[in-house]
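Two complexes are shown next, each including chain A; its partner changes from chain B in the first to chain C in the second.
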Partner chain A sequence: MVAASAMPQALSAVWRPLLTGIVLIGLIEAAKRGHLLPVFVPAPSEVVMEVWNVPRLVTANLGPTAWKAFVGYCIAAAIAICAGSIAVSLRVLYGPIYNFGVMIHSVPIIATAPLLALWLGTGPQVQIAIAALASQFPMLVGTIQGLQAADARQRELMHVLAASRWQMLRYLLIPSALPYLFAGLKIAAPSAVLGAITAEWAGAERGVGAMMLYALFSYDTPKVWLSVVLTCLLAGGGFGLWALVERFAIYWQRDVEIAD
Partner chain B sequence: MQVMLGAAFVLAAWHMAVRGFGIPKYLVPVPLEVAGAVQLHWRTIASQAGFTLSAAACGLTLSMVLATSLAISFTMSRKFAQTTLPVVLVFRSTPVAAVAPIMMLIFGRGISTSMAVVTIVSFFPMLVNMMRGLQSADRNAAELLYVYGASRWQQLRMVRIPYALPYLFTGLRVAGSSAILGAMLSEWITGTKGLGNLILESGELRETELLWAAVLTSVIVALTVFWSTSAAEKRLLRWTQR
Partner chain C sequence: MSRDIQIDQVSMVFYGRGEPVIALDKVDMHIPAGQFAAIIGPSGCGKSTLLRLVADVMQPFAGTIALGGETPAAARHAHSLGFVFQAPTLLPWRSVTQNIELPLDVVGRRSARRSARTTADLIALVGLRGFEHALPHTLSGGMQQRVAIARALMLTPDILLLDEPFGALDEITRQRMNLELLRIWSESGTSALLVTHSIAEAVFMSDRVYVMSARPGRITSIIDVPLERPRRLEMMRTPVFFDCVNAVRDGLFGHEMTQAAGQGQPVEAY
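This part shows the complex of A and B:
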């Protein structure tokens, strides 16, 4: 039911931006052919040719970055959700946990990349750790805010109905927490990608970030733009995936805003 | 006071832990050694931090001016908002890691790259908060001015902007930490002067004390920006008694 009604809607929401994008790319291509654009903007066809000529360039770099971001994201999600639940259920720990999250969030995480490289070695561990650190905060806030979202009257009703703690969790707390949790998960996905890529700048053999850096130093404009497009795809893909899951998982409520 | 005590406690615990577990110096140096490095290299650290901070401040100012003027014109004209908003949304969803290399291609290896990155990164939170602020004006006050026959400009100046001021600080708070991050990131990628580059270089040269000193400086800078802007925000929020 939901899928049937949602699909045409989604389609109609998609085609307009898609058309704009195609027209824009065509315009850029034409302008570049007419030598109207500065050197730092390559023709879209050049970027595509870059993929066409060396397909390994994309597969060898996109995979590791996506994997690192994903692992870091999963670790961060597990820890943040656990910590958030603990913070809500044990009031004493609320302050310390939340403030610790804020601390990590406001520290420029990438500044710690060389330190982490010293501790963890120069493998993918560093990028995973930074992806995790960079993406934890929205999920923590989402969990905390979500578990507090059920209002007092609903809680009282459950109490009056003699609901057990488990039932309380199952029928009230989790459903009311889900929108916030999804909002947090959604926002955190691009941050994980961002963390992984910036950590790659600090030193990695493969990955979108490494590719970007090499291309920048050799002033290979099409390759720079290719890596930029890949970055956007990864970040947008993570966000979009969660948005899709959210749409089908919690069809009863949408669009909550979590505090930053 | 509490902060001082907390910092002293952390330093003491740090010292004890390093000494107690016998952690080698190249992994974690003792606070005193870091302090020594700060004393030895304070000129470098200060000048690099100043470089980063000025890039962040210039970028923030620029984006504040841009975001404020754009938000005001959005509230003045609905048509303008409808045509421009999609472009702004595209900017919102591009990550810093994607913006920085393009800015470097455009502006080269200078402070202007950092400024441009900071401007773009901090622009969106500012814009959102300014728009929220301009729309938050008290309805009664706005109506009163309308009844008095105030011009649009007068309405803006006397009601909307004063009501929007606290939101400006909310925007600054959110944008502030990302501004420092953006500045450091772009220094990182361009390899020019600045705190980000200092950290990267000392990390590569395995100068652990200097690395720690630089990392701690950047953390302190970021936290100071965060705290001062949230303090200013709280102050103003109390003033408006929301």
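This part shows the complex of A and C:
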């Protein structure tokens, strides 16, 4: 597909889920007004009123969480891409690095967050660290898979051309790694947000996670739901941003991307 | 400049699980500079392996290969080799022009020993004018392979190595591509070594056909093709052409044919 038809296509991809969402919200609203829903399910309008009444609730909590998730994500991306590159170029370290990535990925965050708070102190550093730990794995795998994606023929071609190691990397290995890397970056973004929010439960003054915890303890269901909506917005936004960048960066696979 | 290809007593053994496989057994070959030679043989006779040895993708187990008096490694580092694979092997993120210019990027555009031929000339030569900025996935298989040929010619190689370059194409496109390839080859003046499965193609294209047998890979016969250049499709109807085709066929199936004649059995050959 050429760029000219990309916009209408993006629109048609958006309007269906949007319509479904609006209808669904409308139905819940109607059901609540008709007293068909239990007391702990708030009407969507109540959630919106929370924001309307106290806008500071959103502005004061969304920013810190987004910022901490972003910093943790960037640190994780830098480390995962470096570690992945080392794993591919030094076969001896392939196993150890991969296994270490799996191990960190399997650690339950909810248990380690308080421990990290003890070790690192109760500041943003805990949430940043947890966001990094929670999001590293897809990016590590993406880097490792991606740098191995070039096929044997393509490598032979570069060899016959007498390409140096650096040229091999620049002209073949990095471009063929990009689709895998983008997949990893995309999947890791929501993980970083969820990691930061879970870490906020272990002690944070501000943030969506903190707001969620306070709301839970005070049985303030509209506020709980608001924090859920904010989490979804952050996580989905991170994913969507990368999907958008990917769409333009991986131009040679755009047709394939749309097809699936 | 053009280089001759001198292959002396080259053997190749692959060690896998189980018995070591002798892919090539004391192969001798000499292709004079500027000539077109073809290797034909059944699957597994080591013809692709031989091509990879010449291209310095692998090292021979025994024996020596000299390309214009130099080792394959030296020839490769001098950017004297053009290799066309079975599959086009294009880089999907590069346009037609960028794929053809890949060798220039590797050698360095400034130091590249540029012939009179520019990228535009090459694109015209392989008949892809108007597709300069197309990405590979928008092209047909035949067009992709033509890009691969243009790329192999970018640095005007001394030796062109062709590993069943049109194996995946239909007969009609293949015939047309062969004619184009011959035209391009005669204009560039390089030595060429073609690996193929087709008897007619081997005879039509080359000055000399090497017939190989499988397990172990050996050269069983050498057929010189006395057809004049430039080759034309009508030549495929001449007695000389048929004689050569029959000679190659005898080389490939001779053993089975004499056996079958004794038993009065029909011979399965194409």
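Just a few scattered comments:
As a convention for this text, the second predicted complex is superposed on the first by the 250 of 260 C-alpha atoms of A that agree within 3 Å, B and C clash if a C-alpha of one lies under 4 Å from a C-alpha of the other, contacts with A are read in each partner's own complex, and residues count from 1 in each chain.
Everything below uses one rule, namely that a residue touches a chain if its C-beta (ideal position, glycine included) is under 8 Å from a C-beta of that chain, and two chains touch if they have at least 3 such contacts.
Predicted model, so just to flag it, every value in this text is computed and none were measured.
With both complexes brought onto chain A, simultaneous placement of chain B and chain C is permitted, the two fitting side by side without a clash. If you count the residues of chain A touched by chain B and by chain C, you find the higher number for B. By the touch criterion defined above, A:251 reaches chain C but does not reach chain B. Of the two partner chains placed by superposition, only chain C is touched by A:154; chain B is not. By the touch criterion defined above, A:172 lies against chain C but remains apart from chain B after alignment on the C-alpha atoms of chain A. In the superposed pair of complexes, A:92 makes contact with neither chain B nor chain C.
Within the superposed three-chain model, A:162 lies in touch with chain C and out of touch with chain B [touch as defined at top]. After superposing the two complexes on chain A, the closest approach between C-alpha atoms of chain B and chain C comes to 19 Å. Here chain A touches chain C in the complex through residues 153-154, 156-163, 167, 171-172, 175, 251-253, 255, going by the rule given at the top. Of all residues in chain A, only 17, 38, 40, 103, 105-115, 117-119, 190, 193-194, 197-198, 201-203, 209, 212-213, 215-216, 219, 221, 224-225, 227-228, 231-232, 235-236, 239, 260 touch chain B in the complex they form. Considering their complex, residues 52, 55-57, 76-77, 79, 81, 83, 85, 87, 89, 91-93, 102-103, 105-107, 135-137 of chain C touch chain A. Touching chain A in their complex are the following residues of chain B: 26-27, 86, 93-98, 101-102, 104-106, 174, 177, 180-181, 184-185, 188-189, 195-196, 199-200, 202-204, 208, 211-212, 214-215, 218-219, 222-223, 226.
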